[in-house]
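Look at the two complexes coming up: chain A is in both, with chain B in one and chain C in the other.
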Partner chain A sequence: MITAKNVTKRYVDFTLQVDFEIPKGRITGFIGKNGAGKSTTMKLILGLVSPDEGEMIVMGSSATNLSIKEKENIGVSLAESGFSPYLRIADITKILKKAYPNFAQEKFENACRSMGLPLNKPMKEFSTGMKAKLRVLVAMTHEAKLLILDEPTAGLDVEARNEVLDLIREYMKEDEKRTVLITSHISSDLESLCDDIYLIDNGKIILHEDTDVILGEYGILKVDQETFQKMDKSFLAKTVPTSFGYTCFTKEKRYYKDNYPGMVIENVKLDELILMLTEFKKGENEK
Partner chain B sequence: MKIILNNSSMVPIYEQLMDQIKNEIIEGRLVSETALPSVRTLSGELKISALTVKKAYDRLEEEGFIVTVHGKGSFVAETDKNLALEACRKTVEDEFAKVILKAKNFGFSKEEIQDVVSIILEEDK
Partner chain C sequence: MRALLEKDIRILLLRKSTMVMFLVIGIVFTWSFSAYFSGAYLTMLGSMLAISTISYDEADNCMPFLFTLPCARKQYVLEKYLFVYGFSFIAGLIGLLIILVASIAKGLPVDVTIIIETLASEIPILLITGGIMIPLQLKFGPEKSRMVLLAIVGVIFVIGYMISKSTYVRNLMAEAGRYMDGNAPIRLFAVFLVLLVVLSVLSVSISGKIMDGKEY
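This part shows the complex of A and B:
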């Protein structure tokens, strides 16, 4: 669906350099801290910025040369984007109908009603949550094959976030060949939604893994000094000293679980993973 | 089909899912030819990755519990009850074998291991 071949984009104080391949039928998540390069990656995919080097291929064509027909197959929700606050949903429906031949007006209006979005109120009266839901609904009601959602849950409370995630789940249920690309810095959202995750930091992809493997095989070990000296360290991917000894990140928690009964082993949360892996890089740089 | 997943368990999610579907089949709540929810549907309902569901379905197919018809979905296979029970027995045996190996590594004798088992069985009553 999307292939990034050595895509490089340089800004004055930031360089993004990514390689990835996103197959059809996946929900893929991009996580990382603010300013890591998530939104730039999305813009490259949409052809809103062009790479300085390499190639971004979207649905078989170069991202910067997508035809109007091809673009109709993409649904987008960008952070902070939106319509004029003085328009009502009833007004934007007319715009969407013109913009997308496949726009499903009835479905869209029904979805708005069931999400509690009034059709005849100017959007300046909408709450943050209502605007976010509208953005996602707009992106997904023209039968798009590819959905690109940049921070669709930012600034939302837990209930509104769940509603947005459920919308995405429904969209994928309707047609399993669809593809969703979503970025978030609220990684717990992505744990329950994505099939695979890219962790991006400082313009580079530092981890790509199936969510299933992260949750099922990755682990955090908490060990004291003495145990640490004696234990087999060959499956430790990262070790951080702490007040009680060491916190270690492993991709093989079963090995430690089977061989070191009694060792404190926790499942990995994506948030911890980001901290562990990005702190690591900081430490490396200091050396 | 009722599935309860424990996200903080050390048992991988796909394994929990497999075990529960297996149980549903063995205990006759899921009869042969019943259509299972699509991978994406179940993934949405359980709020887990579709690849996790796929992995569970694939393993269940390998073990002969379900059949996947391309383009149609997955169905409960015609299972021989005895075969199914045998599969459960095998899982339990494998788990025991692992624990026994662990106990031996700690220097437990055969009697000591048997003692531990009887104590746990007593406690359960």
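This part shows the complex of A and C:
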């Protein structure tokens, strides 16, 4: 569905270099800290910026040269961009009807009503949560085959976040051939949603793994000095010294569970994964 | 493109009260002071209102999202020209209607010359607001583009003043005047129309290049 072939985008103080392939029928998450390059990757996919090197292919065409028909099959929610906030949902309904031949007006209006979004109020009077829900609804009510959601849950409280995530789940349930690409710096949102995860840091993809593997096989070991000296370090991906000894990140949690029964082994949460792989720079031992 | 036109119409409808106010001023001035006031006046304000939709697109960072809709950047540019020229033309026609009604009511002679003169007077306004302002606004945004337009008008004025001092140009103008004499309104209208078409094609091409080079 999307292929990034050695794509490079250079800015004055930041360079993004990515290479990935996203197949059909998956929910793929891009996680990373603010400014890591997630939104730039989305903009490259949407053709809003052009790569300096390499090629971004979306549904078989260059991202900067997508046809109208191909764009009709893409639903987009951008974190900081949408229709003019002076317009009302009643206005954008008419615009969407003309933009997308498959726009489901009744479904859209019913979804707006059920989520408490007033149809005849200027959007500038909406709360952050209302705006976020509307952006996602706009993206998913025209039978798009590819959904690109950039930070759809940013700035939302837990309840609103769950509502947005439920919308995405419902959307995938309707047709399993659909593809969703979602970015978030709130990685816990993606744990229960995504099939696979890309971790971006400083403009580079530093990890790509199935979510099940990350949550099931990756682990955090907390060991004291003595245990650390004796233990097998072959499967440690990263080691960080702490006040009690060492915190170690491994992709082979089962190996340590089987061979070191008394060892404190915690499951990895995506937030911890980001922290382990991107945050610790001092005194770390990376393999 | 239909979606973009719909969006701009919706944005324009947000300013209904402003449009009604402009219309009332046009009627009052045409009735009270100048029989031909409302033609150029409503065309100019119509153009300005239509161009302001670019400001709405740029405010609150709407542009990136608009370009994710099923439309190409070139279509966005074409739509802007269509919308600005179309709305200005409609505003000009309303102005013409006011002029005709006011003339009849005042017992002034009404003939085809009035219609042609009014329409001819509207074309230079379209050239400035549409042909020059659209690429400027796309390139520099609403604030900077006004400054650049002022600078351009200043330069044109200085060049025009210098040219007018030339004897050759004076003779040329006198010759043009003699040529126009007799059928002046129709010939003036034709000249303006050709200028509008040529400069608009050039302007659309420049605007297209500006938008192609933009990154969001």
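Here are some notes:
Here is the rule we go by: the second predicted complex is superposed on the first by the 279 of 287 C-alpha atoms of A that agree within 3 Å, B and C clash if a C-alpha of one lies under 4 Å from a C-alpha of the other, contacts with A are read in each partner's own complex, and residues count from 1 in each chain.
Convention: contacts are C-beta pairs under 8 Å (C-beta built on N, C-alpha and C of every residue); 3 or more make two chains touch, one makes a residue touch a chain.
Because the structure is predicted, anything quoted here is derived from the model rather than measured.
Aligning the shared chain A places chain B and chain C next to each other free of steric conflict.
Between the Cα centres of chain B and chain C, as seen from that of chain A, there is an angle of 150°, stated in steps of 10. Touch criterion met: A:D212 reaches chain B, while chain C stays clear of it.
Looking at the shared chain after the overlay, A:C194 reaches chain B, while chain C stays out of its contact range. By the touch criterion stated above, A:I27 is placed in contact with chain B alone, chain C being left untouched. By the touch criterion defined above, A:D258 reaches chain B but does not reach chain C. In the superposition on chain A, A:R113 contacts neither chain B nor chain C.
In the superposed model, A:N267 lies in contact with chain B only, and not with chain C.
Using the contact criterion defined above for the overlaid structures, shared-chain residue A:K233 touches neither chain B nor chain C, since it reaches no partner. After superposing the two complexes on chain A, the closest approach between C-alpha atoms of chain B and chain C comes to 27 Å.
Comparing which residues of chain A touch chain B with which touch chain C, the overlap is empty.
On chain B, the positions that touch chain A within their shared complex are 7-8, 10, 12-14, 38-41, 43-44, 47-52, 55, 98, 102.
Note for the complex: chain A touches chain C at residues 43, 46-50, 68-69, 71-72, 74, 76, 78, 80-87, 91, 94-96, 98-100, 148. On the side of chain A, the complex with chain B involves touching residues 25-27, 166, 169-170, 172-173, 176, 192-196, 210-212, 215-217, 253, 257-258, 261, 265, 267. Note for the complex: chain C touches chain A at residues 2-3, 5-7, 10-11, 14, 56-57, 59-65, 67-72, 215-216.
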